[in-house]
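Take a look at the structures below.
In what comes next, chain A is part of two complexes: it sits with chain B in the first one and with chain C in the second one.
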Partner chain A sequence: MRFIGLRLARGVLTLWFAVTVTFFLVRLLPGDPVLAVADPNMTEELHQKLLADFGLDQPLGVQYLDYLGQLLHGNLGMSFRQSIPVTTVLMERLPWTLILTITAMVVTIVLGIPLGVLAATRAKGWLDRVIQITGVTAQSLFVPSVGIFLMYVLGVWLGWFPIGGAVDLDATGIGATLSMIHHLVLPCLSLVLVQLGGYVLTMRTTLIDALGEDYVSLAKAKGVRPGKVVWKHALRNALLPTTTIAGLQLGTLVGGAVLTETIYAYPGIGRAIYEAVGQLDFPVLQGAFVLLAAAVVVANLITDVAYGILDPRVRT
Partner chain B sequence: MTAATVELTPRQRTWASFRRNPLGLASGVVLVLLALIAIFAPLIAPFPEGYGTDTSQPPSGAHWFGTDDIGQDVFAQVIWGTRVSMAVGVSASVLAIVIGLLIGVSAAYFRRLDTPLGVLVDLSLSLPMLPLMILVAALAGPSVRTLAVVIALFSWPEVARVVRSQALSIVPMPFVSAAKVVGGSSLWIVRKHLLPGVIPVVGVSVVLTTSRAVIAEAGLSFLGLGDPSSWSWGTILHKAQQSGSLASAWWTTLFPSLAILLLVLSTTLLSVAYNDARNHRDAS
Partner chain C sequence: MRRATLLAALAALTLSGACAPSVPGSSSGTSGSQAPAASADRLTIGTTADVVNYNPLVGNSRTDSWVTDLMYPHLTQMDEAGKRIPYLATEWSYSEDGKTATATLRDDMKWTDGKPVTADDVAFTVNAVKKENFGVVAGLITALDKAEAVSPTEVRFHLTRPDGTFLDNVGFWLPVVPKHVFEKAPSVQKFANDSNWVSAGPFNLTKVERGQRYVMDRVADFGPGQPTIKQVVFRVFPDVNTEVLALRNGEIDLIGNVLPPATAAELKSDPKVKLQQIASLGWAHLQYNTKRKPMDDVRVRQALAHAVDYEAIRTIAMKGFAKSSNSSVLTPSQPAYMDPTSKEYTFDPELSKKLLAEAGVSNLTLGMIYDQADPNIARWAPMVRDSAKKAGITINLQGLERNTYVDKSLKSDFDIYAGSWAIMDNPPANLGLAFKSGGFINYGKVTDPKLDDLIDQSQRALSPAEAKAPIQQAARIIHDQVYDNVLYVETFNIAYSTGWTGFKPMPSELLSILNPLSLAAAKPAG
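Right after this comes the complex of A and B.
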């Protein structure tokens, strides 16, 4: 319980840090925030009214406490452009981003583990070399480039997959689910291709280390089948550091999702960010960051707790 | 032969080992070429602006990389893009290295600062940086300088982490205690004893931070936060996305994408080769 409490405290601290950094960055940067919503030639009267409307005439400390209080109520402010609460704008987008990132994460792990095992058990062989070189190259890929390439080849040329949107609006029932999966393939694949390299390379290194441990020699000496030694003994221990690193890369995954959603007009938070950039809708941008940071914190928390339950050693 | 080997300084041995790695050398050459293209862009192609008559033409003898939807030459865009992408990448990286070096060394040397700085770095590393960079870049207004500062502002934690762990292994060394005993000031010890020890690690960091900064710049520009008066690889992709060329004119996106890949791949391979050279220099 103490372990969970500590992780929870760290999650809350991270979130507070994210919120505070954002708040002060936004307020301390040069530039009049009111200019984002109104004509630069507005009257002084209107200027003051807008400042008051957005609470920008209060002292910074008061604004900060007010902002924190509003956040606790789930209030992220009003969208400058759409005049609806940011929470409303983002909450209808969040499920799509979650579907995209979680699917990408799961596919990466499902493909990454066997590839890592393949490379580690044939360390220094030609297959290992191929996997290593491909992995390093994949790590150097720029998400939009991959997205555009896949869209062009699989979407436009071959016409196998739709190149935009998340679902056919006229599909119902099982057809709607199928259409959702159909639309998910390309954005998801783009994310997987970019994430997979790093994951496999980490998996490979930690597994090679694990295979050099005494318990592996012992298991082999006892006559355990080689396959079982790798999959049951070494892999379980190699998974822990790999998962920790996967957790650390969640931030990158989210960044990748923002870019991918932009390319495929996928209606998630990332696409909302792209649209908000074009309209200079700062509350939406700020809210999107806070929400994505919260999602990463929660995901890390779940990973940590799950691992604490599975592996007693990490409960510190 | 052995006598000659003994005379070599560690740096020379690293270089000797590095020279034997063809992949590392090739990467170095590619990076130098890209830097030359960036510097001499005006001599290679005219600055792409205005409207041309040949719109959305595929690659040909007249337009090596084709033209975009308003008739601009994509080859010229990529050449000029090299300039901004590399300028932002290098300046953001230099700035991030300086901040990271200061924070990392302070955290390792001044015990009392270690915990707060460590927490700061950990917290920054666990947050999704791209959305935060987008927010700040949008607020500060798009310009080459904004991009460099914003990227540096969010890239230093990675450097600080690497520097701190290296510096931590130097602080307990006898020569640091000796320097303290003879009455050396903290600043002098940090400058004379700690910094030289962490510089080799920073060498790799410079290269990797630059390539991350180039990627970050491309990402921000792709989302429309690039400098509107200049070209970068991300800007070319952004224009293609906006005009809808994304799904019809492959040449408008393929060439800037290849440029990014070339740069990032050669920085990665170069740093791998450099690390190998440093680690194997005793073995060879």
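Right after this comes the complex of A and C.
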């Protein structure tokens, strides 16, 4: 319990740090947020009035304390541009980002672990070499390049998948679900391709190490089937670094989702962030970052707890 | 070995299975050389931004305008020569003393809740903008005292001074909103108008999926004639390049945004795509900060003007999709005001050097700001730098993020400003904003009493014919003093599927073929 309490406290501290950095960072963006919402041909009186409406006429310290106070009440503020609560803006977008990132993560893990195992059990064979080269290449891929490539080849040339949006307008019932999956393929594939290499290579290396351990030799000497040795004995220990990677990769995945959603016009939080930067919509930017930071903190907390379950030695 | 191959195949299958089940019969690809047959059921338009504000009096983005213009009528529209043509108003005129303007309205326009569109709605809208002093229109109706409905079909505007730009400005820029809906809000400016829309245009907004699409259904009893298309859908994409892919893929029928010249040149040969050329009401230009030394000397500004290779910019950077304006702010898009005697500055580096020597300036080094996201300027800015080098002038390019660029422009924090005006629909009104002392978009900080006087004269004139002489004199001063260096007037390209026809093009990116009268007339080809 103390272990979870400590991790929780660390998570809250991380979140506060993220909130603070975000608050001051967005205010470093050049330009006047009022000009992004109103016609530049406005009177100075209206300009001042809008600044006051946005709370931007206050000293920075006061704005910061006001914002922290708002957050403690669960209030993310009002969007400058859309004049609606930030919570509404984000809640409209959150389901799409969750669908995209969770699907991408699950697919990556489901593929990454078996491919890593395959490479480790065929170490130095041709299949291992192919998987390694592919893994290293995949790690060096950049989301926008992959996105544009897939969009052009699978979307335009072959016409297999839509290149934008999240669901067809007329789709209902099961058709809507299929349409969602159809629209999810390219953004999901882009994220999977970029993430997969890390999992495969880590799994391969750690499993090769584990397979050299004494307990594995003992199991083999006892006549345990090779498959059982790998999947039941060695894999559990080899999974620890992969679990860590899964937690760390969530941050990268979220960053990748911002780019992917923008490229594929996918209506998630990443695209909302892209739009809010151009519009200097501080509250939406802050809200989105707080939400994403919270997601990463929670995911890391879960990873820590999972790690504790897999390896009781870390519970200190 | 066989197991390894099997596992690899299984992994590949899992990837495609988890990630890629196809929807039977819904593949949107169009691999043939012809566009798919269009159906009058739906026209899908690509745009690069969401609707931010549904209140048409406040919204200021392209998508805001495209969507709300289909819902809220304007008094007038514009023909291809930039002349005002009827929309909600059938006739309009000024009194002899110029202090009263009157517009007569059609009597067959209805709001979607069944109530008629009347002069009361027009008067309410104009008076609300005047009272609350907001939006684009507020800065254009400073001469208004009040508007009143004389009858259901006649609205009268009482002016504090003669202003021949008033009806043009109100007609073009003011969307008329339903009084019985908007008057309930404590503040018209703050009224979000984000649901249960009551409109009177050819289409009404019925469904919003933010980040994805805006669905608009046909209004059956639209006064000027029932639209052929049942539904217009605006779909949101990140940029024009993705919109082009979607158009080629058959996912959209029309790209709302103007194509960059290079993209337009590329699409010319696509059999599935048709390009509609649209005249721009603005122009691309360089402005020199007249309050900074040595640009406060007209000879230096002239030297800079003679150090630009205009033809190369139009031919190479703009791929020929640009016209010369003869260095005049009265462009070919405004034939009623254009000055045929204006001559373009020649590209003459030797003359530049001579002018600089006369001004006693040597080793001139200046910075030039521009919006780095503007694909056109990003192409020609290096050309301006390189041609200036031939005249011994060093120009340091400062491509900026848009918000910084706007901020620096408004504060006149630059040596040279490179940019473009989007819509200059009425020269007397627009030159007032851009070149009169203290004018809101007078980025070059021009102060010239004679110019101010001529612009005032042109604004008092009650017809283009009367305004022509003073505005042409004003344009000549701007040319001779190089208060503005007009590079070109862009020819916009709007791309749509060959499966469609019947659009009514109007000038500017704002109206183009997305204007309400055009979309009401559009139909499937063949």
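Definition applied: the second predicted complex is superposed on the first by the 270 of 316 C-alpha atoms of A that agree within 3 Å, B and C clash if a C-alpha of one lies under 4 Å from a C-alpha of the other, contacts with A are read in each partner's own complex, and residues count from 1 in each chain.
Note that a residue touches a chain if its C-beta (ideal position, glycine included) is under 8 Å from a C-beta of that chain, and two chains touch if they have at least 3 such contacts.
The model shown is predicted, which means the values in this text are computed figures rather than measured ones.
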| item | value |
| --- | --- |
| Superposition on chain A - do chain B and chain C clash or fit | clash |
| Contacts of A:P226 with chain B and chain C, given as first, second, both or neither | neither |
| First (chain B), second (chain C), both or neither touched by A:A166 | second |
| Comparing the two partners chain B and chain C, which touches a greater set of residues in chain A | C |
| Touched partner set for A:Y274, first chain B, second chain C, both or neither | both |
| Which superposed partner A:I84 touches (first chain B, second chain C, both, neither) | second |
| First (chain B), second (chain C), both or neither touched by A:P95 | neither |
| First, second, both or neither for A:L111, with chain B first and chain C second | second |
| Which of chain B and chain C A:G212 touches, first, second, both or neither | neither |
| First, second, both or neither for A:L285, with chain B first and chain C second | first |
| Partner chain(s) touched by A:V156 [first = chain B, second = chain C, both, neither] | both |
| Clash with chain C (superposed arrangement) - responsible stretch of chain B out of 38-46, 128-136, 164-172 or 236-244 | 236-244 |
| Doubly contacted residues of chain A, that is, touched by chain B and again by chain C | 29-31, 151-152, 155-156, 163, 262-263, 274, 278, 280 |
| Interface residues, chain B side, partner chain A - complex | 119, 123, 125-132, 134-136, 138-141, 211, 215, 218-219, 222-225, 237, 240-241, 246-248, 250, 253-254, 257, 260-261, 264-265, 268-269, 272 |
| For the chain A and chain C complex, residues of the former touching the latter | 29-32, 35-36, 38-43, 45-46, 81-84, 89, 92-93, 96, 103, 106-107, 110-111, 114-115, 118, 122, 127, 151-152, 155-156, 158-169, 175, 178-179, 181-182, 184-185, 188-189, 192, 262-263, 265-268, 271-272, 274-275, 278-280 |
| In the complex with chain B, residue positions of chain A that touch it | 13-14, 17-18, 21-22, 25-26, 29-31, 136-137, 139-145, 148-149, 151-152, 155-156, 163, 248, 250-252, 254-255, 258-259, 262-263, 273-274, 276-278, 280, 282, 285-286, 288-289, 292-293, 296-297, 300 |
| Chain C residues within the chain A interface of the complex | 4, 7-8, 11, 14-15, 18-24, 26-31, 49-50, 52-53, 58, 60, 133-136, 138-139, 190, 192, 194, 209-213, 215, 233, 235-238, 242, 245-246, 248-251, 400-404, 406-407, 410, 433, 440-441 |
